[in-house]
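Look for chain A in each of the two complexes below; its partner is chain B in the first and chain C in the second.
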Partner chain A sequence: MRAEGTPSAATRGATGVRVAPAAAARPAGDRPPTSMSTRRHRAFYMFASPWIIGFLLLTIVPMVYALWLSLTTYDGISPHWRFIGLANYRELFADPVTWDALGRAGLFALTSVPLSIVAGLGLAVLINRPLRARALFRTLLYLPAVVPPVGAGLAFKSLFDQNSGAANGVLNIFGIDALGWLADPYARYVLLMTVLWAAGNVMIISLAGLQDVPRELHEAARIDGAGAWRTFRSVTVPLLSPVLLFQTVTGVIASVQTIMPLLLAAEPTTGGVTAIPQSNYMYMMHVFAEYFALGRYGYASALLWVLFVLILVVTGLIFRFTSGVVFYNVDPEAKK
Partner chain B sequence: MHTRADGPLSRRRFLALSAAGVTAAGAALNGCALPVAGGVGGSGETVTLMVKAEDISPELIRQAQRGLGIRIVTVRYDITKLIAMLTSGNPPDLVRGVGAVDTPYYAARDVAEELDPYFAASTVLKADDLDPVNDLWRYDGRTQGKGPRYGMVKDFSQDSMYWYNTAHFDEAGIAYPPTSEPVTYEEWLDRAERLTRRRNGQTIVFGGSYNGLYEATNLSTLTAAAGGSLFDDDLARIDFTTPEARKALGWYIDYCRTRVGPSAIQPDPNAWDGPTYQAGRMAMSNSGYWLGGMINTDEKLAKVSRLAPAPVFAGGARVSPCQGGTGFWMPRKARNKDAAWRVFEWFFGEAPAKARAGGGWGIPSLKSLRPLMPAEHDHQRRVLAAQEAELEHFSVISFTPYITAEGFKALFNQVAPAAMKGEISVDTLAGRLNSTINEQLDRGKEQVG
Partner chain C sequence: MRTGRLVLYTVLVVVTGLFLGPFGWLVLTGLKTSAETAAAPVHWLPADFQWHNFADAFHLIDFLGYARNSLIIAFLYATLVTLSSAWVGYGFARLDAPGKKTLFGVLLGSMMLPQMITLLPTYLIFARLGMVDTYWPWVLWGLAAAPYLVFLFRQFFAGLPRELEEAAIVDGCGYATIFWRIFLPQSWPVLSASFVIAFTWTWGDYIAPQLLLSTDRSTLAVAVMSTYVTSAGTPVTHLQAAASVMYVVPILLIFLVAQRGFVAGMSTSGLK
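Right, the complex of A and B next:
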């Protein structure tokens, strides 16, 4: 409400430039109209706030708490825990079990990520073709990816049990003696199979990427005399490269954090910590054992922080070394 | 910070407000003291039990609420949640625990309530009626089995006793082990090897399973049977290189190497012997009386099953401990201790205890309830006779307060499979186990103080 005789909200000054009225000239209680920009800001933060608050509460606060824990000997309930500075980190870097576990996780990432990307892409290329019952094939191939990990883990465990599993039944048909699939040295291969079995996730993303490749580019390549393989290599793969990069980064992060199939395929116990084959004793299993079996909250938190930093570094390196081969339709450097 | 009520919400201002919000929310969460679903609802006759689903059925809870007039809420047992509740000062009123391994751990950390005054005043749970197995829940700061009581066993087994299936012995032409006198561990393993049947790399029949409940208690028991002790007097060091511990470890590694039963290098997908034994694929199982609960429900299996005493080592002592002793303990900071004790009395001395005693899934932990153990059929009377004779050889074997059984298992399984596969010698294994486990014991000792 504006008092009588006061200037309008926007008047022209002596130079004719539109200026805002002086605040002093406004009576108390009078509010200036909210600009469009302010309203937009307000709306943005209002709608984004649930996520931002959740991020702060559920990600940043626990991370800072874990960082604090990593500097202590805290074990949950013992009365004499203390601040030890970087001792957990020093121990971690000198601990051969940690390095072995990290090495196994790295090796697993190096094998499982390329294999699952190639498998997923291969399947995507297959079901992107005009086939009869294509929808059915897509559904069937994607089905393993929607099976809950617990169900999948238990199914694989039954399938590969040495004495009653179907896998050894098949081997016996061919006169081959049963193998101890769930023990060393075969346990790592079973783990790899569980990952490849669920390649439907990778397939769906690759399929979406394939369908985004402009048809006219394929036609142009064909007119230029390129065969199917050359077209795939020189047209499809470059256009799919952002998708492949995404799958590589998320795949590496997921594979070094693998724990659920390890727990499920191992010998279960009353307390939850399992007798896991050495070849599957990977980094997150080590973290799990330190947290829940040994109660070393501080040391396990240090392990997680190191893993966090390692993932950041590896992700950065992947971006760095793929910058020359990833083709973006949209400039990734664009700010707006 | 100066802010304008009507100005645009700058990023800086928004983040500042968010940080304040986070702090306030954190304080609020802390104030709520981790109110888990179904947690304690303030003062009054409400008791929170942290249990596993199999410990107490919803029907039993309804009965308790009707009979005692106390509201009971349950929280699923989860060690992480328990620690969170203990550290936030809002623990459950009663917590399930495994007496053989949990008593020293919680008592030494001063988080468990001493229950002696409650037992002294109780008309339901009288001290002279308590089976000696309840000593698993006593700890005097140095020795398990002595000192104040911190909990009670709901029912138990002498877990080194073993069941055997006579049909497999008949098939292999091997004489049955006696049910009144123990065989030696060497004889047991020899029989297990002869009873094992394999075809095309698959084990059709496991000759015998001898894993115990935990590696830690199993190896402690084996060492005691060899005449020694796995831990030193103050329970702060472990030594696998003493002759007795070396003998025990060597025997267990032989058991694993010969693959006569499940182990870390030959995992059993069922996780326990029950289904394999019931399926007729296991000739012997060291599960103790407890397995009778399952065997009794299968008449054909019950008729061919025998319960035998715990084996001995030549020249060693005859020991037959309980490696579990699952029961409840009361956190020191529990809010409704008197009501919790009333539930405790009901659970361990009244209707649920009587029902458990008659079920055959364990020996009752009150001597007065022993007449309720199943003895209707011949096979039940036979089993009962073997069990009653074995009770004379019960003893408590102290476990260390400085590592959990799960921690022991995790460290053991990092090192031992190489020996089970014959890649390293038992002596090398003993040295490595000493090194890794003692390191953890040192940490535990420092934290307990």
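Right, the complex of A and C next:
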């Protein structure tokens, strides 16, 4: 396929302006470099347009629509919905359920993100040593991260079943009574375990980071008499800090939105709303409950927008507070 | 030194065992009788391996039908999003225009945008447009490119030498031609990594098909989760486990086959 209708600079130079009426209007051949670059500009936008249009239609429009809904009483059925200004926001801030759900989501992020980063980094460090069967270990440890959530959810459900689950089976061997893992207060620990199970994701990205750490730096540290732990802390971690920051930010965003394991752990017939253990009733679950169980689209949209703003603020704060700690490789030539 | 190695291997073997445990347990559960999956204390191994559970799970629901639906949307989305992301990634890697820097910032930022937050309003809009219960949402999502994959392709294309397209430009080829004829054929490793990643996302996705598709058009993820119930509504655990093994295994196989490219694809995106 040739670029339609746009004669190239070479053709225009050789055959004159007659081929392209649009070009004839301009003084032909006068400013070839400029028309080359406008062509490049136009081409850039041609290439970027699927994403730009998609972003506008599938991200910005829904967000604005949700913002509008959040100012109404819309419930999807009643034709008598109306504009109520900030009333939804006032209601949600006054509702202790919102704050409890938010608190649980925050606590979950504060525990699950550091745990999975430490676990993933730890595995990456182990795997990064000269090992036999390194590729095998790497593959097997990463495997849980590709198990679809539905499979993972069912696996953990049967693993922690109160009667026939393996977890209670192990406790039984040690003479400990069976625990109700999937109910309060243990349900949150099971949830944490499902997150840790997928630490292979962090492992893979950390591993790539580790392999970029220049050998000489480790050797220099060793010559200076630094032990393994000291080298890890003072050389490896600072060099990995951009990767760790990326993991932290995406981890926090993902954990706050956690919904699938919660829905999966609930009874399918109740829309996943009432059968969920209290300790796992987190913010996103609350949004789902308002959306689908109660059909309060306006109110739920307000909840979504509050969460969106909170995520922006938290992400901003993370970047702010790590700016002095995160070490970017200032000498890109060093790698080559 | 020797003992250090021994400890290292022991730790790795134990951790790997723990990581494989839940999946192994799921397989065992799928091989038990209904009574065994409910009995206390635990039956570690089934008294008789109930291999027919897999056939039963297959026939109890329209397993093939749901699998076909899953395949269609995963294939549709993965193909479209891989091509559109490569297309957009080429633009960001090899062309420039005023505003490109800002746009790239927005693109990277949008990777951090909470997806669930747009999904619910998107659902309402699709419902209004009559696109609920069709596969159009996946087509649209596919055509719109995915920031993560765009970034992957950009990194790859940016690393290719300038000389690659110079002759073509002198010959007067359009950028679209250059993209199709020169850059795309060079990018097989990224294309396959992107396809596998996108396919896995869609195959594993539960929320979007649950929201957007009716029961018989829905995917295996939804079916495995919600259709293995008795008429009283209690889940049939052993068949559900067998079905979810059959649902998970294709993804594991794809991952194992494509492992190298997949891992390379994941790791180049570490945002260093």
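By our rule, the second predicted complex is superposed on the first by the 290 of 336 C-alpha atoms of A that agree within 3 Å, B and C clash if a C-alpha of one lies under 4 Å from a C-alpha of the other, contacts with A are read in each partner's own complex, and residues count from 1 in each chain.
Rule of thumb we're sticking to: a residue touches a chain if its C-beta (ideal position, glycine included) is under 8 Å from a C-beta of that chain, and two chains touch if they have at least 3 such contacts.
Computed from a predicted structure; not experimentally measured.
> For A:Gln278 in the superposed arrangement: first (chain B), second (chain C), both or neither?
A:Gln278 contacts chain B only, not chain C.
> Give one of first, second, both or neither to describe whether A:Ile53 is in contact with chain B, with chain C, with both, or with none.
So A:Ile53 meets both chain B and chain C here.
> Quick one: chain B or chain C, who's touching more of chain A?
Higher number of touched chain A residues: C.
> Applying the touch criterion given at the start, work out whether A:Gly120 contacts chain B, chain C, both or neither, answering first, second, both or neither.
Neither chain B nor chain C is touched by A:Gly120.
> A:Tyr45 contacts which: chain B (first), chain C (second), both, neither?
After superposition on chain A, A:Tyr45 lies in contact with both partners, chain B and chain C.
> Let me test your reading of the model: by the given contact rule, A:Val61 touches which partner, first (chain B), second (chain C), both or neither?
both
> Between chain B and chain C, whom does A:Ala178 touch in the aligned arrangement: first, second, both, or neither?
both
> Touching A:Gly76, do we find chain B (first), chain C (second), both, or neither?
both
> Let me test your reading of the model: by the given contact rule, A:Asn163 touches which partner, first (chain B), second (chain C), both or neither?
Both chain B and chain C are touched by A:Asn163.
> With the touch criterion stated at the top, can you tell me which chain A residues are shared between the chain B interface and the chain C interface?
The overlap between the chain B and chain C interfaces on chain A comprises residues 41-42, 45, 52-53, 57, 61, 76, 158, 161-164, 168, 172, 178, 267-269.
> Going by the contact rule at the top, pick out the chain A residues touching chain C in the complex.
1-4, 6-11, 40-48, 50-55, 57-59, 61-63, 65-66, 69, 76, 123, 126-127, 129, 131, 137-144, 146-156, 158-159, 161-166, 168-169, 172, 178, 197, 200-201, 204-205, 207-209, 212, 242-243, 246, 249-250, 253, 256-257, 259-260, 263-264, 267-269, 284, 287, 291, 297, 300-301, 304, 307-308, 311, 315, 329
> Which bits of chain A are touching chain B when the two form their complex?
Chain A reaches chain B through residues 31-32, 34-35, 37-38, 41-42, 45, 49, 52-53, 56-57, 60-61, 73, 75-81, 97, 157-158, 161-164, 168, 172, 177-180, 182-184, 266-278, 281, 289, 292-296.
> Where on chain C is chain A touching in the complex?
The touching residues are 8-9, 11-12, 15-16, 19-23, 25-26, 29, 36-44, 84, 87-88, 90-92, 95-98, 100, 103, 106-107, 110-118, 120-122, 124-125, 140-141, 143-145, 147, 150, 170-177, 179-180, 200, 203-204, 206-207, 221, 224-226, 229, 233, 235, 237, 240-241, 244-245, 247-248, 251-252, 255-256, 259, 263, 266-272.
> Per the contact definition, I'd like the list of chain B residues that touch chain A in the complex.
6-10, 14, 18-19, 21-22, 25-26, 79-80, 83, 86-87, 106, 109-111, 200-204, 213, 262, 264-269, 271, 281, 403-407, 409-411, 413-414, 417-418, 421, 440, 443-444, 446-449
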